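First subunit A sits with subunit B, and in the next complex the same chain sits with subunit C.
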Partner chain A sequence: MSCNTSVTRVQLPPAVDQVPRVPVHLMPCEIEHDGPAQVSQYLTATTKDCKQEKTVSFRGRGLKGQELSCPQGYTGLVLKEINKPGSDQEDRTVKLTSTFDKLTYWNLETPTNSDDTVVMAMDWPELAEAIHGPVED
Partner chain B sequence: MATKKKRTLSAQNDSWVVIAPDSVVDTQKHDSDPSFVRLRNPLTDEASLYMLGSGDVQLFEVKAFEEDFHSWFVGQTVQRDGRLLFITPMDPLYLILPYLIKSGKEGKFQPVDQVVMDEEFPACSRLLSCTHSLASLRHIAEEKEVANLKFHRYSQEKTMDWLKKKVERTVAALKKRHISVGEGVKSSTYVRVKSEPDHNEEDYLRYAHGLISEYISEDLSKDLLRHLKLPELTSPKETEPPSKKRKLSDTPVEAGEDYTKFNSADFVRKPPKKMTSAQKTLAKVDKTGMKPMSSFFSPKAKAEKK
Partner chain C sequence: MDLSSFESNNSVSCRLASQIPDVCRTEDCCLGIDEAGRGPVLGPMVYGICFCPVSKKEELKNSKVADSKTLTEDERENLFEKLDEAKSYVGWALQILSPNTISTSMLQRTKYNLNALSHDTAIGLVQYALDSGVQLTEVFVDTVGPAEKYEEKLSKLFPGIQVTVRPKADSLFPIVSAASICAKVARDRVVKGWSFAEDLGEVDTDYGSGYPNDPKTKAWLLKYLDPVFGYPQFVRFSWSTAQTLMDSKGVTVHWDDDDEDREKAAQRLNKKSMLSYFGASSGSKAQNPTHETHRFFTERRLKNLNTL
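And now, the complex of A and B:
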């Protein structure tokens, strides 16, 4: 119960454009690792750009990908926790480490499509605005 | 095995990919940093994660968009946790409402800062600092002013009218979205199913009612259904012919005709279940209670699970 009282502060830099912009890829597999990876060397370098669709071979599997922009008025953020506290009652801090304005999502074998769930998820902010915007009298 | 995997995940999970309004990170306007706080979820009555913007002027909802078997590449690193978090502005009135309803049972006019108090969730009093909170109380309460002090008493009638307006706004947005989906899409493989013009008004209303019901108690949700003059569906599943369902998985977002799904018992029961798993993986950052967004875009998600 007591952990309901703790807050997680988002530490922002003095100016957001000081934060590096990074390419982000949503991969269609679970990679059981957190840490450095040679993404540009093994993924980006071998990606083929064909019209709107990207293709790449990843671990012998054909991936089809597409770039998605963040919804208008929205920015992509990567938050990282710093100084993990020892107990759940202490406040925590996450730091804005990088930003992105578009992401690339990859499907395993299947061509990308407008009804891919991540594409539809980008509609959420617009729907949320209807649900949460102020009503008129 | 599965539980072991989960544990390693939560131990190492210290990074999140988030989509948030520009205003959250606009440091020009900020004198203090935004923060994630836990507040009482009006639907579940339990802790959920929200965000308060700088100076508490704006409340945000935090939702996780999650699909099985996904991970991120972020720059030159790999992040195992493949969730995408959405932070979107939220109407604080949804969170204030349960406190007013509770105190309204006494039938007295009370100062709102004495009503919106919660030992378990002390951050709830910060909701009253949000820009529109105090001004919009009149949508859910009667107001009395005595010697420059304001007193409020919950009004079911006003609340129903307010919620109805919310539903109407949502219906309008759904229709708008539906149109844009029907036209500008870059669908390459699917032959577009002829657009179905007769999503009737009731379907839209039910869908919107389902969306709003995520933010109010079940009792209030039932009252709202009556207020909208929609009959309660006793067994929504049987009213859906299976053939219709199959078609849904082929169509893009216009699949919205499956609106009734949101009102099915199945839908109501599902989120808490999901929350528990979210709770496990997110224990580290107190992201308890975030619901997977895929439930909002059920057709595809459902289809994939089969």
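And now, the complex of A and C:
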């Protein structure tokens, strides 16, 4: 088995907090598209906010969503590949293009709930800290 | 007809109604039901009811409310004015089903088809009239589906009311054509004054009749196709015309409840389908067992990240 020697480099700008914060949506479907989309014109403009719950339609299907914060002490990063390696021997470089500290996740028709996968996933950093962190006294 | 409550949020279903004439609460009444805009790929479908005392049937007939489809838009507007002048004994109510309601119902996980949606809407409007104190004795309904079954269903739901379901009832019973006029006028006005919730700038309103075979409608659908989002909510996504265009010119979107072949879905997601384990060569996972990930992580879809 050959050893993968390629390295992935993350290019960070001098000041991470100068990078634009962007709204991020986690969709309950797979969209075969990687590139710009008119999110604010279609999705944001038609989102209805009712109490804690957001509703919107995507491709004619009803979605229910909620805003979710990144775990405390964490920042979400949006990375973009700036040169794709031709082989797995070459290094990859990804660039930090924007950051987020909260995201909106959407369920297909189902009301959002504390049992939703992405909500529960946010438990991990705290648990990881508890089991892997330094032991004090 | 004040459409402002629908126009303030045209993504949901909305009920509009006239005042209930006093005489309708004391005298035996007949009620007609018809719909407008069932076929178009654009805009709402509107259900209308119109009711008046049985004793006023002749008067209504003399006001020449004919089948709204044989009338021009202007003639329908005029007849609606006439109905409004007769408000001392004629009442009406409408249910506007927004195109977004139609799309999300028909494309729901548990499909809610247009016929079921239509029946439930009609039933809701009759119930509204009853709840408002209208003394209903006769109900006349226009239908596109099988009339007998529908008639039986309505008769069972509303015992004591004589229910008549007929194809083309709008040309047979004046009270049905009155309902048809109300529904059609509302649909025309809504389509004409549609305000796009999407931020699309100036939208070309030359969309024709909204029927899929209208060349103007077709041209509009081609012009306003967004590769990712498809269409504004003005379009019924559940119509095959819209779906075919999105399939051919938009990007593909997969949902977990798609009717996709399981094997194909697994391939796409680069996962093993159950079936592959029954094949001659077993997968690498079987030969090279790695430790199993704890449920805590699989439940949260958390994975170890070695490479980006």
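As a working rule, the second predicted complex is superposed on the first by the 131 of 137 C-alpha atoms of A that agree within 3 Å, B and C clash if a C-alpha of one lies under 4 Å from a C-alpha of the other, contacts with A are read in each partner's own complex, and residues count from 1 in each chain.
The rule is simple: a contact is a pair of C-beta atoms (placed from the backbone, for glycine too) under 8 Å apart; a residue touches a chain by one contact, two chains touch by 3 or more.
Since the model is a prediction, treat every value here as computed from it, not as a measurement.
Asker: Would you check which partner chain A:48 touches, where first means subunit B only, second means subunit C only, and both and neither mean what they say?
Answerer: Only subunit C is touched by A:48; subunit B is not.
Asker: Could you say whether A:28 touches subunit B, subunit C, both of them, or neither, answering first, second, both or neither?
Answerer: Both subunit B and subunit C are touched by A:28.
Asker: Go through the superposed model and pick first if A:38 touches only subunit B, second if only subunit C, both, or neither.
Answerer: Both partners.
Asker: Give one of first, second, both or neither to describe whether A:61 is in contact with subunit B, with subunit C, with both, or with none.
Answerer: second
Asker: May I ask you to decide whether A:13 touches subunit B, subunit C, both, or neither, giving the answer as first, second, both or neither?
Answerer: The first partner, subunit B, only.
Asker: For A:132 in the superposed arrangement: first (subunit B), second (subunit C), both or neither?
Answerer: So A:132 only meets subunit B here.
Asker: When both complexes are superposed, which of subunit B and subunit C contacts more residues belonging to subunit A?
Answerer: B
Asker: Considering only the contact definition stated at the top, list the common interface residues of subunit A for subunit B and subunit C.
Answerer: 4, 8, 10, 28-33, 37-38, 40, 43, 79, 92, 94, 117-118, 120-121, 123-124
Asker: Give the list of subunit A residues in touch with subunit C in this complex.
Answerer: Going through subunit A, the ones touching subunit C are 4, 8, 10, 28-33, 37-38, 40-43, 45-46, 48, 57-62, 79, 92, 94, 108-109, 117-118, 120-121, 123-124.
Asker: Quick one: in the complex, what on subunit C touches subunit A?
Answerer: Residues 9, 11, 100, 103-104, 106-109, 197-200, 226-230, 232-233, 236-238, 242, 246, 251-257, 299-302, 307-308.
Asker: Show me the residue ranges of subunit A that touch subunit B in the complex, using the header's touch definition.
Answerer: Residues 1, 3-16, 20, 22-40, 43, 52-53, 70-71, 73-81, 84, 88, 92, 94, 96-99, 111, 113-118, 120-121, 123-136 of subunit A touch subunit B in their complex.
Asker: Contact residues on subunit B for subunit A in the complex?
Answerer: So the residues of subunit B in touch with subunit A come to 5, 8, 12-22, 24-27, 30, 33-38, 47, 51, 61, 63, 65, 67-80, 82, 84, 86, 88-91, 94, 120-123, 132, 136, 139, 162, 165-166, 169-170, 172-174, 177, 181, 185-190, 211-212, 215, 251-253, 255, 283-286, 293-294, 296-297, 299-301, 304.
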